[in-house]
Amino acid sequence: MKRHFRELSVLAALLLMLLVLALFTPNFYEPQPLLSRLTAAAPKLILACGAALIIISRQIDISIGSLFAVCGTCAGLLAAAKIPFAFAIAAAIGIGAIGGAINGALVAGLGLPSIVVTLATMVTLREALRLAQQGVFINLPEGAQWFGLAMKPGQSFICAVALAVLVVLAFATKHLAAGRFIYAVGSDAEAARLAGIRPRAITFAVFVLMGALAGLAAVLNMAQSPQVDPNSGRGLELEAIAAAVVGGVAVSGGRGKLWGVLIGLLLLVCIGPALTYAGVKPYWEKAIQGAIILLAVVADGLRSSARKGLFD
Amino acid sequence: MIKKLKSHEAILVTLLIAEFLFFNATGRRFATIDNLFNIVRHSVEIGLLALVMTPIILTGGIDLSIGSTLGLCAILFGKLWRDAGLPPWAAAIGAILVGGACGLLNGALITQLRLPPLIVTLGTFSLFRGLAEAITRGVDAFTNFPESFLFLGSGQILGVPTQAWILLAVAILIWLIVHRTVLGRSFRAIGFSSEGARYAGLPVERRILFCYVLAGLVAGIASLTYTARLGTAKADAGYGYELLAITAVVLGGTSIFGGIGSVHGAMLGVAALAVLNNGLTRVPAVMNIASELSGVLTGALLLSALALGTLPKHLAAWRARRHISLH
Amino acid sequence: MAETLLQLESVTKHFGAVRALKGVSFELKAGEIHALLGENGAGKSTLIKVIAGAHSPNSGSIRISGQIVERLTPALAHRLGIACIYQQPALFPDLTVAENIGLRLENLGLFQRVKWNERRARAADLLNRIGADISPESEVRSLSMPEQQLVEIACAIGAGARIVIMDEPTASLTQKEQHLLFAVARDLRQSGVGVIYISHRLEEIFALADRVTVLRDGESVSSHPVGEIDEAHLIRLMVGREISQIYPESQSAPGDVVLSVRNLNCAAGGIKNISLDLRAGEVVGLAGLVGAGRTELARVLFGITPADSGEIHIAGNLVEIRSPQEAIAHGIAYVPEDRRRHGVILELPVAANITMASHRKLFANSWLNLDRERVAAQKFVTDLSIKTDGIDAPAGSLSGGNQQKVSLARWLETDPKILILDEPTQGVDVGAKAEIHKIIRHLAARGIAVLMISSDLPEALGMSDRIVVMRNGTIAAALPGKSAAPAVMSAALGARA
């Protein structure tokens, strides 16, 4: 019980939030809008899982949003060119993995701080995308949206995929040696090295995985509308990091649970409608997001002993 | 170490000259006084931010929120002037103080709670920008500033753009602090070894706090020149400026790990970026994609500068390994 | 006849000019606890590192179970069944005990499944075997240092180690935890493991060990079964040598009391109830074994870890020292033990290092005055005979002894009234040592009160006007300057007189 204290307290906050919503804005629970909301959040869940793994390994990746946009655009272009959809999906994931590999090579291979590397790749990718696409929306062919299904089954499918990714990753981080190595490296890279684990290889792999997940998330996002917006994904990295941090992932590395990330994300998703009910206008969203990240980090910082963080 | 720094600046100057020659050849009306003033006007904010980013990076920290601070200060300047009815000079002081408060928040969280600068400034990056958006309700923009204020951004003093004098003044101040005072010496010491600095009796937390507060104040000043130049204060003011500032600083030879670096290097870095940015808008072939191209090249430049920065270390390690295996 | 697990013959090891081991022979049999005794600097940790494969000997042979082993590496040592329990465990703070043990002992491929039940069971079994009351599910971060050591021991047993080295395992244990550790050591012995047990606590050695080997100045002086020797004899073996070096004589009688400490406590530093006085012009040696709390006391006096309670008086005035800046303002200077991390900043030039603690004094209004700095630095380079490639050379390019002089110069520049030196000649060559000793005497003659922490007994005895011996965070004894070495060592060990 004590070990899960952090995650359970977020769960309590979420349940409280759901209760508040049930009492004051019961139309939050109307099936169709709720499903739509969850579907819109599904790609974010995937990104948050990836971000969580990155943070657990004691790194950070703020290029997630740009990778997302690049992968989505590529998949959209391929689909619009009448290339089989399955191939477009694979390409998106592959391109994401390549982007992640670039980050990983610079961080793990050259020992550069991940914040500056991913800051650079974030801008480079986004501007390259702007260059290539000029902000032109891509019209997807018939049958691309909702993966060719009707809206409701399509939405359910997307949510299911996101949950499946969560389940697979949660399983891997708990039951596969590789998953545990991520925690080991994030907790103490030197002890990991002494125990025969290769920290640099693990770090590289986590970045590649993050990239692939960004590609998958982009595909799930793409399937939700008839067009691909090449300007999408702005600020997604912060949402992902916020969900992870709120969900109990520590910036000092080595701790955090993926199911906690799910709760963190749901909590953040619920805050929107809750604030709307409370009369808080939507333009407060970014400020509140920043405040939430700070609060979560301060709370964790106060609780744990002085432990060196990512950039010291 | 001194030799390395000199060669770094030499590379930068070469880069600058190369850029100049290239754009002179391919660009239209690049090498004119008008354009030069243009370059200068456009580079003041980045210059100011790069100036204060240098001490922060010297101490081994980072500030991802200064662009957002700039935006918040710009908005508050507009609000104080338009809605609170303050005269521009009073609103300006208010804006600068707000910047200082932002820096104080960063510095306090970092030094008192011992939180990593990375995640703190990532949070305030969002918070400050969010506050700017909230105050303007996402749509509001402040315009119609009086001529006396706009002079800051579009006027000239002694034949040189007004804001250039501000940049010059701040540059001299920061240069003196970093290179000629004990504060600057202590920034380097802290960057190399914060424990070693502590044992030498240096007030480590106080110095780090100073860096962040200074950054906030100067971001406030930058918000004024920005607003005066554009004639408008909007919530997205300074968006993305932190990347440009960091790139300029790293290009200029400051090590991202702390301890090594120079203010004049950062200024050369700013110049290189500003000329690149402007030059691209003058080359007919790429004119319409100038801003995107500039973004791509800036990101690529940062990555290259970072990678090259680690080259000596990796070369030495490679040599050491070869030595061991040979024996 | 028990098998001989480990046999070292005439092992030497030098680091540059420093000869740490000058021909050590050592033997460990299966099913015995063999204590290794020696004062600081006798060569114990070097010997241990040689056995664990971290250092390779320059000459001599290592036999493990009768086979000569060439080129012993840590990985090879691990495979051959050698486990070392250091005082700083290399565990993962955020993971559970079961996982820590699992990660160390398992050899899983990336995509193999983790068998949590087996992990938990194995951890529980190992912890049970050594009688440790630790839940396998506890997070390592929540464990105390001794508990973490027990986890390391569990790892060692789990790895099937046949030679277990324990480096001062009871240094920070409670009575109850000590008994637990003894039981563990005895169990290991019972199961045929050979334990090398390093400790300063003579009562432990007599209670636990079968044999004891004394190291002195890098040589193995003698090995005896524990039953055939007594404390006094052991102490004589540890220190017995002529104090052949000549130390500069004291010039004058001590002056007024400049530093007066009463009932000083600091829980974080582990020091309790310290009271002492320091007079101008005297050199007080602070003796004691590693872990006695001497550096911690220095850190309290210098403001790095402020005291919880107690009083500090400087020149008769009650003061509070909450930070190094305050200490410096009161005229206290501290030349730290860890030269490379705390004594100098390696990347900065010698001149910058020398002036680093004296900014307020040398530089008016915070403006760097490079000329003044040059003059100040050059003066010390000359006065202290610092060998450097110019005062702009980075401190990292200097030899250890010269770095020490730079560190000393930095603090002398502050014009201190109280100078605390922490192992001032550790790792310094003989020539530089003598120079530093002369400097210290000279400083005392100028009226500075010197508190010198030294683990080098002859140095402490030769240089000090008075000796204060610390043990377990308190003052064990105060002795006059020309005391005999055994007297000091006894007090440091807490031996019965």
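Chains here go by letter, A, B and C, matching the order in which they are written, and residues are numbered from 1 within each.
Going forward, a residue touches a chain if its C-beta (ideal position, glycine included) is under 8 Å from a C-beta of that chain, and two chains touch if they have at least 3 such contacts.
Note that this is a predicted model, so its numbers are computed, not measured.
In summary, the chains found to touch both chain B and chain C are A. Relative to chain A, the most remote chain by averaged C-alpha coordinates is C. Per-pair tallies of C-beta contacts place A-B first. Between chain B and chain C, the centres computed from C-alpha atoms are 46 Å apart. The centroid of the Cα atoms in chain A and the matching centroid in chain C are 47 Å apart. Rounded to a whole number, the gap between the C-alpha centres of chain A and chain B is 29 angstrom.
The touching residues of chain A, counted against chain C in their complex, run 3, 174-181, 183-184, 186-188, 190-192, 194-197, 250, 253-255, 305, 307.
Residue ranges on chain C touching chain B, taken from their complex, read 304, 323-325, 327-328, 334, 336, 341-348, 352, 356-357, 359, 363, 366-368, 392, 394, 410. Touching chain A in their complex are the following residues of chain B: 60-62, 64, 109, 113-120, 122-131, 133-134, 136-138, 194, 240, 243, 246-247, 250, 256-257, 289, 291-296, 298-300, 302-303, 306-307, 310, 313-314.
Across the complex, chain C is touched by residues 1-2, 180-186, 188-189, 192-193, 195-203, 259-260 of chain B.
Chain contact summary for the complex, chain A toward chain B: residues 60, 62, 106, 110-113, 115-117, 119-128, 130-131, 134, 238, 241, 245, 251-252, 281-291, 293-294, 297-298, 301-302, 306, 308-312.
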